[in-house]
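Structure in structure tokens, see below.
Think of it as A, B, C, D, E and F in the order they're written, each chain with its own count starting at 1.
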Amino acid sequence: MRKVEAIIKPFKLEDVKEAIAAVGVQGLTVSEVKGFGRQKGHKELYRGAEYVVEFLPKVKLEVVLSDDKVRSVVDAIVKAAGTGNIGDGKIFISPVEEAIRIRTGESGDIALS
Amino acid sequence: MGLTLRLRGTSVVRGVRILALLLALAGPMFAAWGQDAADAVDVAAATEEAPTPEAPAIDSGDTAWLLTSTALVLFMTIPGLSLFYGGLVRSKNVLSVLMQCFAITALVTLLWTIYGYSVAFDTTGMEDGTFNLNSLVGGFAHIFLKGVTPDAVTLTIPLSVFVCFQLTFAIITPALIIGAFAERMKFSAVLVFTALWFTFVYAPICHMVWSGPGSLMGSLWGVLDFAGGTVVHINAGIAALVAALLIGKRKGYPTTPMPPHNMTMTVTGAGMLWVGWFGFNAGSAVAANGSAGMAMLVTQIATACAALIWMFIEWFKHGKPSALGTATGAVAGLVAITPASGTVGPMGAIVIGLASGAICFLGATSLKRGLGYDDSLDAFGVHGIGGLVGALLTGIFASTSLGGQVEIDIVTQFIQQLKGSVVTIVYCGVLSFIILKLIDVTIGLRVDEAQETQGLDISLHEEAGYNI
Amino acid sequence: MGLTLRLRGTSVVRGVRILALLLALAGPMFAAWGQDAADAVDVAAATEEAPTPEAPAIDSGDTAWLLTSTALVLFMTIPGLSLFYGGLVRSKNVLSVLMQCFAITALVTLLWTIYGYSVAFDTTGMEDGTFNLNSLVGGFAHIFLKGVTPDAVTLTIPLSVFVCFQLTFAIITPALIIGAFAERMKFSAVLVFTALWFTFVYAPICHMVWSGPGSLMGSLWGVLDFAGGTVVHINAGIAALVAALLIGKRKGYPTTPMPPHNMTMTVTGAGMLWVGWFGFNAGSAVAANGSAGMAMLVTQIATACAALIWMFIEWFKHGKPSALGTATGAVAGLVAITPASGTVGPMGAIVIGLASGAICFLGATSLKRGLGYDDSLDAFGVHGIGGLVGALLTGIFASTSLGGQVEIDIVTQFIQQLKGSVVTIVYCGVLSFIILKLIDVTIGLRVDEAQETQGLDISLHEEAGYNI
Amino acid sequence: MGLTLRLRGTSVVRGVRILALLLALAGPMFAAWGQDAADAVDVAAATEEAPTPEAPAIDSGDTAWLLTSTALVLFMTIPGLSLFYGGLVRSKNVLSVLMQCFAITALVTLLWTIYGYSVAFDTTGMEDGTFNLNSLVGGFAHIFLKGVTPDAVTLTIPLSVFVCFQLTFAIITPALIIGAFAERMKFSAVLVFTALWFTFVYAPICHMVWSGPGSLMGSLWGVLDFAGGTVVHINAGIAALVAALLIGKRKGYPTTPMPPHNMTMTVTGAGMLWVGWFGFNAGSAVAANGSAGMAMLVTQIATACAALIWMFIEWFKHGKPSALGTATGAVAGLVAITPASGTVGPMGAIVIGLASGAICFLGATSLKRGLGYDDSLDAFGVHGIGGLVGALLTGIFASTSLGGQVEIDIVTQFIQQLKGSVVTIVYCGVLSFIILKLIDVTIGLRVDEAQETQGLDISLHEEAGYNI
Amino acid sequence: MRKVEAIIKPFKLEDVKEAIAAVGVQGLTVSEVKGFGRQKGHKELYRGAEYVVEFLPKVKLEVVLSDDKVRSVVDAIVKAAGTGNIGDGKIFISPVEEAIRIRTGESGDIALS
Amino acid sequence: MRKVEAIIKPFKLEDVKEAIAAVGVQGLTVSEVKGFGRQKGHKELYRGAEYVVEFLPKVKLEVVLSDDKVRSVVDAIVKAAGTGNIGDGKIFISPVEEAIRIRTGESGDIALS
């Protein structure tokens, strides 16, 4: 079981969600985060004083899935989230040992389906 | 870095260009300044021959109410309308809306001072019963508010109060239009559009309807427009439709849902509009009397009916009544009762309220979806359509036979109302189109896609609405 | 999907049922429409025999102030009260509160137009010094605002202004009650409750106190209630208590903390209430004179004292003074000075302010916790208790011997005030109970648990307050 | 736990100390209570010899406008200013700002009632053309508002209305100052500062300028200050500067950016200030006449010009126009036109607007950064500087030769304006310094570092602004 | 050392926190997330136009703990967070190599206590 | 590859970000969370009723980096985020198997640089 985490541009969320659903993944969890990276933030004005907002709004997706689906989900994300511009984001893959569905208590891959 | 600088450079250039355009516009007027200053001594004298020949006395009660009404109508735009509209956009664009309302308020005030009041209300050359150029537009006798001294009187109030009261109408009208192109128009384009549209559309239409004996619609045709159904709402609504068509849809519309980012702002703004509208309609009596009282009463009734009908239609159609629907219905009712508020009775108000609520519901839903334009905040759907409904029904319910206050022949009056509306629609439609096209080919109407995606707040104003 | 549809189906059915109920209620009134339309021509004539026999002249200054006051009192409800209350609930219910205030405004306006004004203020059959049915309730002589023409005058203002001013009181009273059952009452139940309570409780109590010579409390008993301590606040407060007891606690109360979701809204709303209350109290002089001025002054003083005392009590008891406490104290002071505002002097105002602040503090804290009901936003704790404090203290500080403006025997007057309060409490309590029970057994008062958990905004209105 | 208790204990002790201090201050006044109560019967008689010797009649129109203006000016503070300021701080301090505005409103009201009105407006001992102690400060003839009865009249309005109207000015002035020390001053210190500053700075300066014949600045020197450029804005601005210097910078300033947490609040507040200012300036005519109308008109014009110029300066300098800049410019214009509003014409208004917008821009940016103090919300930069610009330019543009309404020698008048401003600056500067120092060494001005980091809302008021 | 992540319904947060505390865990971190899964979102109305909000508000809990406590914490969460309805949420368990307490610099299980 | 997660006090974000950047890490992701631990929450007042807010605002930083940088980043965070007071926060280190840069599709350590 793996967790695929993707940091993407907020306005791509809808597309990515659809791309992931298209490869047969049922669930995912999304959070609003702020990113700091190569993409530079914007300036803001405050009564004639300028300052730079370094953290940019990003969206983090977390999907836990069985190992066989990792490849196709990663590909789907790369395709759907890419704009070719700096700041498109990152995908991280890490191991997950167990998943449990709270409602039923089921565990393992079946909890993800 | 380089990119930033370049962008900034461009903006500066734009800024300069905008100012130049605005000045070019105002330029000829400045010529008058010296002369006006020179004339300053004559001003007191000049007042004697001002719009009010017999120099009647000021009534302090009427004046008190008009001062109050002026405050109420300004309150409708800032903060009223800006909250109503601001809550409806996505959070990345909220400041752009507030900023537009605020800047329009300032800009129109300056233009009104320089020449707007004169172009709208100067009566030089007008004659009762006679059609001439001045039936369409005022002259320059009052540029830089020449003649507006503390002693000048019009009707029973100081002229200064009348000038200020009318100014607040001139402010809110272009501010209403921004609902159509919200979330995608350049700020510079908004300013230039406001300046030109105010000059070439608002001021003349206002003159034709309200400047008194000899004016085309108000006096020669006898169009009834108590508080601005034609001048304000049809006018703004048609400009909004033209703008929505010309500027095109927002990126993602209609597939991506773009729900209001802060409905508490919107409902708050709706409440403020309702309250402020008392100044708009009852203030249009230009007196604190039975006519003002009746105007307030029918305003309240029509608004309530429109809010209720919209709410119940939603309830039936979708299973749930929504706050946005109810608030929008209220605004539709306020719009529709505006031209009628001085002439209809309570029963007319009920009918106008119900009709406008129901018809605007269609305008903001089926019609918009059917025709496929993106009138983002339903400026046309509510003000254009509501204004038309009101203008036409005024021709019916103003009749004493239906509880109204005017002895009219309903059919004749209805036709007159229709005539007034059509002329406004055509004139405003054509001029708005020309103005917008002109801006489009010069400085451009629309922000680029990256700016639209990022949101206008950061990209045009370098500010964020919220850091909570 | 099926679930959704079923739910929706149910909602539609509910919607229809509500409308039917409302119409059934209003039904008999509609019969009068035709007749009224037919009578329209006589209206002008009818005015001569209207509430103001000697047809006194309009005073434009008084009219200006009453027009303004009407705007101010409407402003108290939308957006004032709706912000004050809206900020106090959890964010999932904020729109339900705003929506209820807005819909109540619309609904009461319509009912007022149809029959409410007549039931509250028709003086047909009343005789000074005589008790009869019309001492309790008005007749139907003014349904559909028959007789309310531009020329009709009452006191020194147009009748239309009086009708509109009084309407805003009829609006805010039921709106105050929603604080008690916030976050759990069905929207349909809120509407039906409002309609019935307005009809059978507000209108009669209003008539008994304010309709003039021959009215039970105001005229026969001599109860002093300048701006609505009894009619508005005790009345709303008692209905709120009954409603809180009947509908039961919110899920999780009192174990789960339910802090205000947006205190900036609440403090903003409190400020608006304070400002708007100037219209409420000083407007109740129905003139722009020394009585109005004094009413405004004592309102300001009492409010300040109540805010300060609540703040200091919290500071002593909890170590910190809170914004909510200070704002709530201010509202308590506004409530308490309401019945007294036309009759007490500055010193009376100080005492009434301090007393109401301190006593309402106990009402909203110890009393509520002690008795265990869930008066969510302290509608009873502040309006019920504050209203009572004010009504009783009016009987004391109105006396010229204590700086007030009325030559009264304090003991006698105190007893009269008590009598008026008790009658209102009993009448309102019983009627409110019956109305709420009736609704509970027919369409049900309360949303189901899932809806309460999800929040009323989504479950009843399919809208979210914020998408920031 | 122990920590909490100790802290709380400390707070209680503080609370008690504060109240004691406040009472000590008010103490001597209470002595008068009994006497005043005893005198109550004479009050009606006393009124005859009140500020208005010939007891002129009330004008209902003037009264209506002043009642309205009072509501408008209160509206400027709550919610206007509190929203404007509240949006600018970080979200952890928003309630502290709202709370301070609210508490100041209540506290000043009480002090005004007890002795403030008397100290500011009692004319006992004043003689036209004569300088004596009472040219500087009023006596105690009107403590506890003795003589303010329903029948008392001043000019053409009830005395009660005048008292209430002037009170709203006394409220907003200290409220403006909080912008300088926002986000770091103790709440207790704010209260004590307000009480002392109101007593020893506001009331005397107000007396010197506005109390009538014999007053130092207004009458003997002929300083023109129609609506409070000196009394309100220079006064508040200088106190703000002294406070900012004494209390020191916020932790992290200026390295950490501290952007406004909610610009929609700020722009909303700016709109409310603009609208409310109509009451401030046009209300200062104390009548509904041409002077009031002209005041409203020039207020509108100057504000618009200042907003536009600030916007364009930002646009040129930074490449983008901001909403905060535009709104701040508007406030700068409102401030600067205040002293001039009753005496200048439209052209003077344009110049004053442009000048104040541009100069305050420098004040809030270059000057502040250059000198390095942390005037958090630019209370000095906007009100101090804008007030000075307005006071001085009034001396120029009031002249009839420049479209104004007064026959003055510009040079002489300019020097008088300068004299008035300098005296205010020096007096206010010295007194503010003493008061703040005194508080610093007794109860302390500033919260500790942990409280500042946590935010004042939780640490001082145990409340959170938002739980969305 | 393991990280237990649970996605639960927001109104269950209080119960779950108490259940976790009851089995002797001292700390946890909570974030607001939006979930997409089998549970379907609600409709919203916008001036007569309906659209579906697909993402539902959920709360994510993260607890890092020594391996021996994993079982009891998971059981506690399942018990406290369950309503038996769709959308109750998921629990994921993944390996954590090290934990450090910033205040003291302590690491290992002791940093968690 | 490792993920370093740090839960810190919000007002330390700026310092920590700079400390991390100083040791040569280019990117990080930040989210607002609420923490429950030894540090006790504050009381709040609601119309004279007191209640305790148990969850405190914290900021969570996530940095994925090559194994050799873990030590220096952890040290940098400990130094920058510490105030010596309770509630300073925790750092957790966990394995990450892969990282992908969406813009380019690059994977491995190169995706992090």
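Everything below uses one rule, namely that contacts are C-beta pairs under 8 Å (C-beta built on N, C-alpha and C of every residue); 3 or more make two chains touch, one makes a residue touch a chain.
Everything quoted here is computed from the prediction, not taken from an experiment.
Traced through touching neighbours, the fewest hops from chain C to chain F number 1. Common neighbours of chain D and chain F under the contact rule above are A, C.
Chain pairs C-E and E-F differ in how many C-beta pairs are in contact, and the one with more is E-F.
Chain B and chain C have Cα centroids lying 34 Å from one another. Distance from the chain A centre to the chain D centre is 52 Å, each centre being the mean of its Cα atoms. Looking at chain D, residues 59-62, 64-65, 68, 259-260, 262, 288, 318, 320, 322, 324, 461-464, 466, 468 sit in touch with two or more other chains.
Looking at chain A, one finds that residues 31, 44-45, 50, 53, 94-95 touch two or more other chains. Screening every pair of chains for touch gives A-B, A-D, A-E, A-F, B-C, B-D, B-E, C-D, C-E, C-F, D-F, E-F. Those residues of chain D that touch chain C in the complex are listed here as 7-9, 11-12, 15-16, 18-19, 33, 36-37, 40-41, 43, 58-65, 67-68, 70-71, 74-75, 77-79, 82-83, 86, 94-95, 98-99, 102-103, 105-107, 109-110, 113, 144-145, 148-153, 157-161, 163-164, 167, 187, 262, 265, 288, 460-468. By the touch criterion given at the top, residues 2, 6-8, 31-38, 54-55, 58, 60, 74, 77-78, 81-95 of chain A touch chain F in their complex.
Across the complex, chain D is touched by residues 59-62, 64-65, 68, 72, 90-91, 259-264, 267-268, 270-272, 274-275, 278-279, 282, 287-294, 296-297, 300-301, 303-305, 307-308, 311-312, 315-316, 318-324, 326-327, 330, 345-347, 350, 400-403, 405, 466, 468 of chain C. Looking at the complex, you find that chain A touches chain E at residues 3, 17, 26-31, 64, 94-103, 105, 111-112.
Chain B contributes residues 4, 256, 453-454, 458-459, 461-464 to its touches with chain A in the complex.
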